[in-house]
Amino acid sequence: MTTPNYQLFSLGSNPELASEVAKLLNKDLSIVDIKQFADNEIYERIEETVRGCDVYVLQGISSPVNDNFMKLMIFIDAARRASAKTINVVIPYFGYARSDRKARSREPISARLIANMLESQGVKRVITIDLHTDQLQGFFDIPVDHLLAMPTLAHYFYEHKLLGDDLVVVAPGHSSFSRARKLAEILHAEWAVVDHRVSQLNPDAPFGVTGNVLGKRAILLDDIIDTGQSILFASRALKAAGVFEIYAVASHAVLSADSVSKLKQADLRQIIVTNTIEIPKEKQLDNLIQVSVAYPFAEAIRRVDAFESIEDIMKSPDNLDVKL
Amino acid sequence: MTTPNYQLFSLGSNPELASEVAKLLNKDLSIVDIKQFADNEIYERIEETVRGCDVYVLQGISSPVNDNFMKLMIFIDAARRASAKTINVVIPYFGYARSDRKARSREPISARLIANMLESQGVKRVITIDLHTDQLQGFFDIPVDHLLAMPTLAHYFYEHKLLGDDLVVVAPGHSSFSRARKLAEILHAEWAVVDHRVSQLNPDAPFGVTGNVLGKRAILLDDIIDTGQSILFASRALKAAGVFEIYAVASHAVLSADSVSKLKQADLRQIIVTNTIEIPKEKQLDNLIQVSVAYPFAEAIRRVDAFESIEDIMKSPDNLDVKL
Amino acid sequence: MTTPNYQLFSLGSNPELASEVAKLLNKDLSIVDIKQFADNEIYERIEETVRGCDVYVLQGISSPVNDNFMKLMIFIDAARRASAKTINVVIPYFGYARSDRKARSREPISARLIANMLESQGVKRVITIDLHTDQLQGFFDIPVDHLLAMPTLAHYFYEHKLLGDDLVVVAPGHSSFSRARKLAEILHAEWAVVDHRVSQLNPDAPFGVTGNVLGKRAILLDDIIDTGQSILFASRALKAAGVFEIYAVASHAVLSADSVSKLKQADLRQIIVTNTIEIPKEKQLDNLIQVSVAYPFAEAIRRVDAFESIEDIMKSPDNLDVKL
Amino acid sequence: MTTPNYQLFSLGSNPELASEVAKLLNKDLSIVDIKQFADNEIYERIEETVRGCDVYVLQGISSPVNDNFMKLMIFIDAARRASAKTINVVIPYFGYARSDRKARSREPISARLIANMLESQGVKRVITIDLHTDQLQGFFDIPVDHLLAMPTLAHYFYEHKLLGDDLVVVAPGHSSFSRARKLAEILHAEWAVVDHRVSQLNPDAPFGVTGNVLGKRAILLDDIIDTGQSILFASRALKAAGVFEIYAVASHAVLSADSVSKLKQADLRQIIVTNTIEIPKEKQLDNLIQVSVAYPFAEAIRRVDAFESIEDIMKSPDNLDVKL
Amino acid sequence: MTTPNYQLFSLGSNPELASEVAKLLNKDLSIVDIKQFADNEIYERIEETVRGCDVYVLQGISSPVNDNFMKLMIFIDAARRASAKTINVVIPYFGYARSDRKARSREPISARLIANMLESQGVKRVITIDLHTDQLQGFFDIPVDHLLAMPTLAHYFYEHKLLGDDLVVVAPGHSSFSRARKLAEILHAEWAVVDHRVSQLNPDAPFGVTGNVLGKRAILLDDIIDTGQSILFASRALKAAGVFEIYAVASHAVLSADSVSKLKQADLRQIIVTNTIEIPKEKQLDNLIQVSVAYPFAEAIRRVDAFESIEDIMKSPDNLDVKL
Amino acid sequence: MTTPNYQLFSLGSNPELASEVAKLLNKDLSIVDIKQFADNEIYERIEETVRGCDVYVLQGISSPVNDNFMKLMIFIDAARRASAKTINVVIPYFGYARSDRKARSREPISARLIANMLESQGVKRVITIDLHTDQLQGFFDIPVDHLLAMPTLAHYFYEHKLLGDDLVVVAPGHSSFSRARKLAEILHAEWAVVDHRVSQLNPDAPFGVTGNVLGKRAILLDDIIDTGQSILFASRALKAAGVFEIYAVASHAVLSADSVSKLKQADLRQIIVTNTIEIPKEKQLDNLIQVSVAYPFAEAIRRVDAFESIEDIMKSPDNLDVKL
């Protein structure tokens, strides 16, 4: 008699990413029957025994966020009742993450609510990537293996030989400042900031851009592209400031509403995002490139299962240097 | 300094029912700002102070069930953080109630999951009506004030003088048996059952109908009308068995999928349902009548607030007799 | 150094069943010293180390239910403090199961209370059989491996060649309806219902029996035989309706009060029950037959320990067919 | 609209004490319907609304301890589901209190188990008297209002003018040492100890009695009289040591097994106990006197309800002095 | 009989602030006896009854942080066991707040640990001021009334007529950016940033200062002054960039280690901090000014007790404008 | 792939004991980086992966108790978040253990608070030695492996051939009575008690000493030596009663305040304590002997890890007999 192996499930938010992860792990995805009725009620049944197994379930809390979240919760209930040994949730995109504090009285902190609901039903571990703020880890009492997309995004520029002295990493606003600085370090580039409030207070500053960008190639870096508004604003400011060409880079491509039309207006050389959110055909712009985070997720699962540290995966910028 | 009064909120699943309840209570609905973004993520902010208040929030877990449920959960989080004294949820339709047991291995018990999530976030009381099975009360540790729609439904027949010796209450299948018996008692009618398995085993029995229905007016009673399938089947069997005219009666009008077309085929005199679920215009058939359960909900809230027993509301069939 | 094997304990409610289960598993029952003082206070001490062991403890919540339940709770406390790895309770008869909803205001839901107390002290799994209603599974958040007695009961009829065209399975009332239908399917028999309210409303119906029973052999099927009242009533109705001979069949033989005298009056060919409750000598009627459910319990424990699915055990009717 | 008053319930362990307490509080006992079936299963229904009420329920965990404890638990479940505001349990005798530590490996700590079960079902407060060890208070996280029987017991000696220079308070063993010292202080008496191990190690000491007892009247003080064994032993030693007459005094009269015959052999002037445990007729020896603790319980309930400190009740020895 | 009033306790971290708060509330501080033994073990006893009271306890988690935190926890335990109605903790300085995420593998999130410990022992509310990051609110499930020190700090400049066109608010590093912007808005001033990494990447920029500061008076704003290092660095950069005079402003004056000597070197006009941390005599520099946050704390307590919204307290910048 | 081995950490309260334990187990202590800042705030980082490991962390809650306790709590948080399989705390000295009951109204029960905080953060097991009272085990729901120092202390007397007919074990007060009796049994000695209240009530008794001590060598046994006061008092009484020489023996050497000077005055032959508390140089009197409890701790860890019973370790007095 031997201990059962772990099992990997996918609930439908990211079928391609799940397949890639499974392939990297040399696993077949285990089967769960999911039905959704006319009123959106979800039915699930796990088709294979999970008794005594470590279960990993990949499901993003991306559009439609509430349906996708409830699919995850119902799966957790079924797996727990079916005597799974542990339930580990792999969440490529953590919806509601931006509701992480009360900015005004009587607001919810929905990200904590999501954390509470997961934890209260017996989830043992969360594996996720590029949370909106690092403090979200503290919304959980269970272990959170927090991966970083930056090595994967940075690797794109190495791989396509896009580095150079004329490269500048630009934060499209105050809150992306430290991300931009970090990427600049990895790419041996300078950095700059676009801040629309800068222009108000320093009216003489050219177009609200702080830093030397004239004649350069700019990487506009954000964690989420949602409405596309700030990318559009920042790209206009950069062009006006004499930037030669712009790459928009982000971890999570929410691409809501009319973001596509805004991104078209933004005159971008390329838009480089990861596949933490599956992008529907009609939003796949010609200049949109999706780089896959299957490797960090697969490697994290492999190491967690093998009781190895995942610290290296998150430090990978160093590995990138070596590849140069 | 006085203790604050209670407050009543509505989150959008049943705006008309909420208004009726508020009117019966002589209260204004308190205001909560709700936004839903393109990816379905929900934002809420309670616009008035709830500090120290008993909060009652009316929200059905009806279509779209996951969005409506998350609106409720997020409201609860906001109200708790805003120092509400107690949070009482008023749920006209309890979605996922039919997932109340594991019929097969590795199924979830989603109704318990819903109960857990509500309870874990600090809800103090659930007020609801006609749960799919009575055992659902035991899925909660907090008090459940479980109202009954039957008095309201029965009242319709008294009010419109539809009683008589030729009335028979019919269960459209095994699981509605005891409901039908109870309504028959209240209406001083006989009862019968339509069961498609009856016809298989007793091939000589006329059309799978048990009981004396020839030449009678039948009330076909179920707790939920979902796909309309069993109503259609039962009405055909009844017509074949010589029923004169048929009233379909149910507590909850889920009316999913192509239920409307099936109900049209069913040749029903009237379809009488409550307003626990708001029915969209395009599904409001000419012979569909919605009776309101605003009174039992309002009265339950009033009594809970006044520390009175709600037992009488649920016993109201006796009151009906008096009205005759 | 190797991981300890699992251990099996018996606390005294069902000594024979426990021995049978142990024998089927090739295990010795581990020893626990139990004393009960004059005021009923219970003392227990586990005599062998359970450190790191999966512990299975077999104890029914049968008469005297409170003493037997407290024996179980105290054992759980001792095992947890003694560093058992997991505590799995095997409950042949789940007392208080009929208190599963509030039928009237201000009643308890004692079955949920029992579930809460077990769960709050660290029980990891419940293995039980034929719960009064399936919804009781949802009273637990931990896994419930819910076995079925029907295959074992059905097997008795196959084994003793009691099948035939003249066999009809009869529900002695409304609530046993679906059980009767299921057994009828397994035994390829017809089914019928005895319902005393039937006779009131359909006075012309012969003796309140629905279905064709004249000249047949009837299996009267219930989940519990408690006072014997409904068996007595139903058997009289069946005899009056021309039934040739009657077998009373039930999962749990509570046999309280003067049930024995009622069963004697009932003129039954045989009374076939399982051994989920140990029947005292003085209640063992001549025509009472106890079939053992040791096999499903032992097989469930074996599979749980071996991380195998228990789905097949519960599907076993199919196996029965094969044996024909 | 006014806040409901508190309610007082009695579940049957101590009907007389409950009546006395109610009378002192000028309250009628509220009504709960309790039935116990042949297999000991308990059914309860609270007959009056408790919605919004502070509920006080008096029930000792005395013989039959498990039945009495389950009556309490089931009441708690019913009261919680019936929307009681708070549930306060008044426990005259806390059964299982002597199982307060693991004296040997793999023993339970049943007193903590009892505390856990009460607390997990929502009890808000415990009012009890003379716990076996003070540390039991720390088995609870909720407030424990721990009353003392000593003032009541001491009062008996004041009231009957039994004080005097010839009075000595004797501990019948090591563990009653500090109780005896305290009573000696209150009664302005000397103290002594009987310890059977004393006699083994100091074979010259007269009969294992430490202290000056010759020609005196002795009060033999214990917290529980259970088997009567230690009272019998100690009284013999005292008589041999020249004690003139002996009063046995204890808080809790468990009086199990053949304690009555032992107490008869012990040649005691009087046996003075409280009514924390209802003593059956056949055990009421002629020289047995029950003093009532209704006053401290009633006064504690009154003060808890009035938000007053109960510290004075427990300090009452001082009051006694005043009464002299 | 009336409901008891609330009570206010102080445990010793901030005796003066507590007195001021009490005075503003027209309350006497209730008495708690606190002793600390040679091995630092703490003993506390609440000297007045708190039964049924809302208890507010003011205790900062400031130096010595662990002793002060344990004083708070032990008080909470005593108050809960003494039947306090609610326990509300008022924490002027929330120690460990900077440990709010895992910056590296295998770090703790101590701020969440502090939150967990408070919450697990029954605290009902936290009132605090200027948390290190807003996300800390989400570490709690209970209400956090999060006050802001900025109105009080801003008021100082209004009151002493220090406003003017030559005023610039400067962030001494990236993480203080948004605070600085907000204060600049309130004071109708411009803003600037000192960032030592700026100078590395933009070597031509004068001294790493972004923004127009030449000849101006600068307010150097941080949330905590701990080692004084960043204030020293920033002040040098500002002087080099031609700033005329500098005010260092911060909410929390941790002033650890040799911060005093660094602040002396920094050539500051004034150092303006609040009294969330009691500053020992030897660290009270001549140019150090402590403004009191007693008002927002007192007003928050008053409103919480009166069930009023505290939103206005936190919006108070508007009030300041009016005072001009 | 193999399961990781267990790891042993030491947080600084008892570095030498930890080394001894590690050596006995043939383990290296794993590394944790601990810093404490000027305001006492603690930072920790575990330097090696603990993913999937059973972690044992040795940390006494001894002086400075609050700092040492918080070091333990913060370690637990880090280890849990770092995916340790289980966290087992090894506590040589359990601070706050004497706060185990409410002796007066409105006192805390700090020992339960400590237990709660440990348990709430996911500790799975406590290994400790000589708790102040046995009932403290019941403050935990998790397993407590409670070791005894007495075998180790007794062994000292065997090893140094200090036994004999002239040996008497003396309790320096009432509460040490049963400890003294037990040691007397192991050493085949007589016992006695010194009680200052004895002398008050029995003024003729020589110096408050009960038992035969004249001309004997006395072992004065307590569980803790804190202020040294009771040792000093008892030793004087013993000398006056004609004792020849005195050994003071205790499990835990708190040695607070001016205990050293009191112990010097006490004229003791030897002071024999264990190393559950690390004694600073300046308190190491010439006649102070520390015997190590590394063996029982190491053996307990070894057995827990090997799933063996630890019962024998605690029974070791029997082994001692054998050694004679």
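So that you can tell them apart, the chains are marked A, B, C, D, E and F in the order they are listed, and the count of residues begins at 1 in each.
The rule is simple: contacts are C-beta pairs under 8 Å (C-beta built on N, C-alpha and C of every residue); 3 or more make two chains touch, one makes a residue touch a chain.
The shown structure was predicted, so the numbers you read here are calculated from the model rather than taken from an experiment.
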**Message:** Given that chain A and chain F are copies of one sequence and touch, is their interface built from the same residue numbers on both sides (over half shared) or different ones?
**Reply:** different
**Complete:** Among A-B, A-F or B-C, the pair whose interface repeats that of B-D, with over half of its contact pairs matching by residue number, is A-F
**Complete:** Higher number of C-beta pairs in contact (D-F or B-E) found for D-F
**Request:** Name the chain whose C-alpha centroid is farthest from the C-alpha centroid of chain A.
**Result:** D
**Message:** On a C-alpha centroid basis, what's the spacing between chain A and chain E, in Å?
**Reply:** 34
**Fill in**
chain D to chain E, mean C-alpha position gap in Å, rounds to 52
**Fill in**
Multi-chain contacts in chain D, i.e. residues touching at least two other chains, fall at 49, 81-82, 102, 104-105, 109, 112, 116, 137, 141, 144, 309-311
**Prompt:** Which pairs of chains touch each other?
**Reply:** A-B, A-C, A-E, A-F, B-C, B-D, B-E, C-D, C-F, D-E, D-F, E-F
**Fill in**
In the complex, the residues of chain E that touch chain F are 37-47, 49-50, 62-67, 69-70, 73-75, 77-79, 81-82, 95-96, 99, 102, 104-110, 112-113, 116-117, 120-121, 254, 256-257
**Item:** Sites on chain E touched by chain B in the complex
**Value:** 125, 137, 141-145, 303-304, 306-311
**Message:** Under the definition above, what is the set of chain E residues touching chain D in their complex?
**Reply:** 1, 3-4, 49, 51-53, 80-83, 122
**Prompt:** What does chain E use to touch chain A in their complex?
**Reply:** 100-105, 109, 111-112, 116, 133-139, 141, 144, 146, 174, 177-178, 181, 184, 190-191, 197, 201-202, 210-212, 309-311, 314
